[in-house]
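Chain naming follows the written order as A, B, C and D, and within any one chain the residues start at number 1.
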């Protein structure tokens, strides 16, 4: 019963977190949310009888990918001389080539 | 000179009106379309139960011959080892691609090397956090390497394997770089190149040496397939760890700032 | 059965959210995040497919496929991030020095 | 006697090993790259030669037959694509061998050309491995992995020039490509959910129509269309192809685009033909027709030679899609043969054009079409190559393009689909117009003394001329290609009858 409740929470939270990742104003927060999304995802893998995938997701999907994003964010910030504005979507003049 | 500029103008012209960001109409239309797609897919998938699982049944008797007891590792490295070989190559390719794009200052690998107009400050400055990080790293890294080794080895019979172990190694590498960014300047680039290539090369060599035993490509000789798999896994784990760390650094060491270079 | 259905809906939502973000977000980093979300959605459906409804016959092929997919996904993410950083760096630098030697094609 | 199937894995092993080695030993990368492409070329020819009478062939990797393992599959189409890639790739490699030293030697204090050469070779070899793997793959998921190998290598190559424009184009290319491959993967997942099989031939025989299967096929197709840059999804192609280094432009336009089209052809013209709806074929043909017209008109409006060539690629891709509905309604193999001919002759002609345009750029420092006067005197072989490749693109006899278009035209009228024929003719007229724009300036006298600044190596001119002439005289290979394609038709018939192989 508890497990089913747990599944239920996961099912609801995963898309919500995914939505939050894309909707948060601050990109730094978005990356942090993405890492927690990865960790929740690995819980879902455990629930779906895929321990191998869970380990890989926690280590690669959440850990390394999160680190990659943070490192990129660090470089982006640095390249605008320690201004944090770049993190927000509003100041998008900074990244002007933005067609897909 | 002119050519490049004209090309840029042209491209902007050709893009005009198609993907303007602030255009909320575009955004609404996209969202509506995607919502329709998702709803349709939802209906289609839930309408019928998944098909009969022929693969799993056919696979079941083969696991004994795979040399490992973990079914996922058996599929990953033996049955579908070719996929995994190419996957290791994709990771190698990512490292290769990043090295071809960007250079980083080896004395401070967390920033791209730029013309030395404004020197960049070290990354994690201030004595407080650095000291804590250094202490943490001293305890954590040996532990992580140990666990990575165990995970890689354990892949043969339980959850784990080269990718999980390699990712942990990569995490250890990232921590090391965060704690002591200067450290990377002491590693010769040739050694990094060797580390990146090692795992894919071992995988490829093992695959080729199977011809010597009269098998097909990647057909490990039958008794003792497990040890071949272990060799591949350890090679792959080491290279995955090094490559992930390189991906984190995000570029090749800038030769201009490197003493005693071996590469242009 | 119901739980499987739930995970499938969740996965589809993730795929849709990611695709929407890829199309409409302006920040490159967010586009890359969106691609990762899409990939998670696809992986989730794949794993659910291998998850026997009665819990007995579990197909491990999807697990291997998802492991492959995760590694490919981190590789592409890394390359995309490097490109995005390079582009940004170039934009900032070209604000300082107006022209850089655009010597040929 | 060599077992021909046992040669197949070497087509993947050699470029992979070459790529690893070229990365490990940057100072030897040129030598490694050239030897690997030569070996790959010889191997492709050997496989074609040995297996021409025994196709289709299969090779079980790891010795595991499906459903456990992965098969490499060789049939006539595979052989044609492999040989095309090997020969075009070899010519481009010889070009690149001269190209990078020419740029390094031009030395205007820019230090980036050296690393460019060192990274070009490993990336190109990995791309070659991806392409070979893709053509050989007989497994739905393995195709996804090879698609990603190809895409990552292609994106890194696009960004290699280090210019801002090419980096922007490369990132967009990567994002579009990721959207495409994730869509493909999603489709694969849905098909796997329905059939639990990844082996393509088995899947083709087992599959039955249902909403899941339909969605899966639609997702796979849309993903591949994005990667193939079919109109209106072509927006990423011109900037990526134009801003890349010359050998890279040639590789992208001649080979990489063909890889994803090959998959569409594989699925729509072969594996899933049995259950795909007629309307889908008409839709693809219609988009192809739009691409032919739109690409042709855009090409007419360009001021730069490379831009014109890139839009010509958009247009020429349209022909390939027009061929799909004709093939669907044509009983005989002649329309398939026509499509294959269009693919290979476009590869030769387009690579030749990009290489020639690169020569012009290298020599004059620009590629403005209106100022091409005098190229004939400075670079006679290059201008000849441009003209010859243009003839093939227009579809004048005796070029490969002519054979393809002519057979397609006859098949379209024979099967009562005359409207596709009209588009073919209209597209050819547009091609005549835009090629004439180039050739007219090319062969006029220079107004003043030559303004060329750099020497172009003889091998660079020769390799572009070689490809152009090859696409012109492709008619001599007609018996060989038709034999290969005809043997495919036999196995296709059994697939359509629903026989599990």
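Going forward, a contact is a pair of C-beta atoms (placed from the backbone, for glycine too) under 8 Å apart; a residue touches a chain by one contact, two chains touch by 3 or more.
Since the model is a prediction, treat every value here as computed from it, not as a measurement.
Between subunit C and subunit D, the least number of touch steps comes to 1. Remark: among chain pairs B-D and A-B, B-D carries the greater number of C-beta contacts. Distance from the subunit B centre to the subunit D centre is 28 Å, each centre being the mean of its Cα atoms. Averaged C-alpha coordinates give centres for subunit B and subunit C that are 14 Å from one another.
Subunit C has its Cα centroid 10 Å from the Cα centroid of subunit A.
In subunit D, the residues that touch at least two other chains are 141, 145, 148, 152, 155-156, 159, 163, 167-168, 171, 175, 179, 190, 193, 196, 198, 235, 243, 306, 361, 365, 367.
Of all residues in subunit A, those that touch two or more other chains are 52, 56, 60, 64, 68, 71-72, 75, 79, 81, 92, 97-100.
Chain contacts: subunit B has residues 1, 3-4, 15, 18-19, 21, 41, 45, 50, 53, 55-56, 59, 72, 75, 80, 83, 87, 90, 93-94, 97, 101, 112, 161, 163, 244, 247, 250 touching two or more partner chains. Those residues of subunit B whose C-beta lies close enough to touch subunit D in the complex are 1-4, 6-8, 10-11, 14-15, 18-19, 40-41, 43-45, 47-48, 50-56, 58-59, 62, 75, 78-83, 86-87, 89-90, 92-94, 96-97, 99-101, 193-194, 196-197, 200-201, 204, 207-208, 215-220, 263-264.
Subunit D meets subunit C in the complex at residues 103, 106, 108-110, 141, 145, 148, 151-152, 155-156, 159, 161, 163-164, 167-168, 170-171, 174-175, 178-179, 182, 185-186, 189-190, 192-193, 196, 198, 243, 245-246, 306, 358, 361-362, 365, 367.
By the touch rule above, subunit C contacts subunit A in their complex via residues 3, 6-7, 9-10, 13-14, 17-18, 20-23, 25-34, 36-37, 40, 43-44, 47-48, 50-51, 55, 58, 63, 66-67, 70-71, 73-74, 77-78, 81-82, 84-85, 87-89, 91-92. Taken in their complex, subunit A has these residues touching subunit C: 4, 7-8, 10-12, 14-15, 18-19, 21-22, 27, 30-31, 34, 37, 41, 44-45, 48-50, 52-53, 56-57, 60-61, 64-65, 68-69, 71-73, 75-76, 79-81, 86, 89, 92, 94-98, 100. The residues of subunit C lying in touch with subunit B in their complex are 5, 8-9, 12-13, 15-16, 19-20, 23-24, 26, 45, 49, 52-53, 57-61, 63-64, 67-68, 70-72, 74-76, 78-79, 81-83, 85-86, 89, 93, 96, 102-105.
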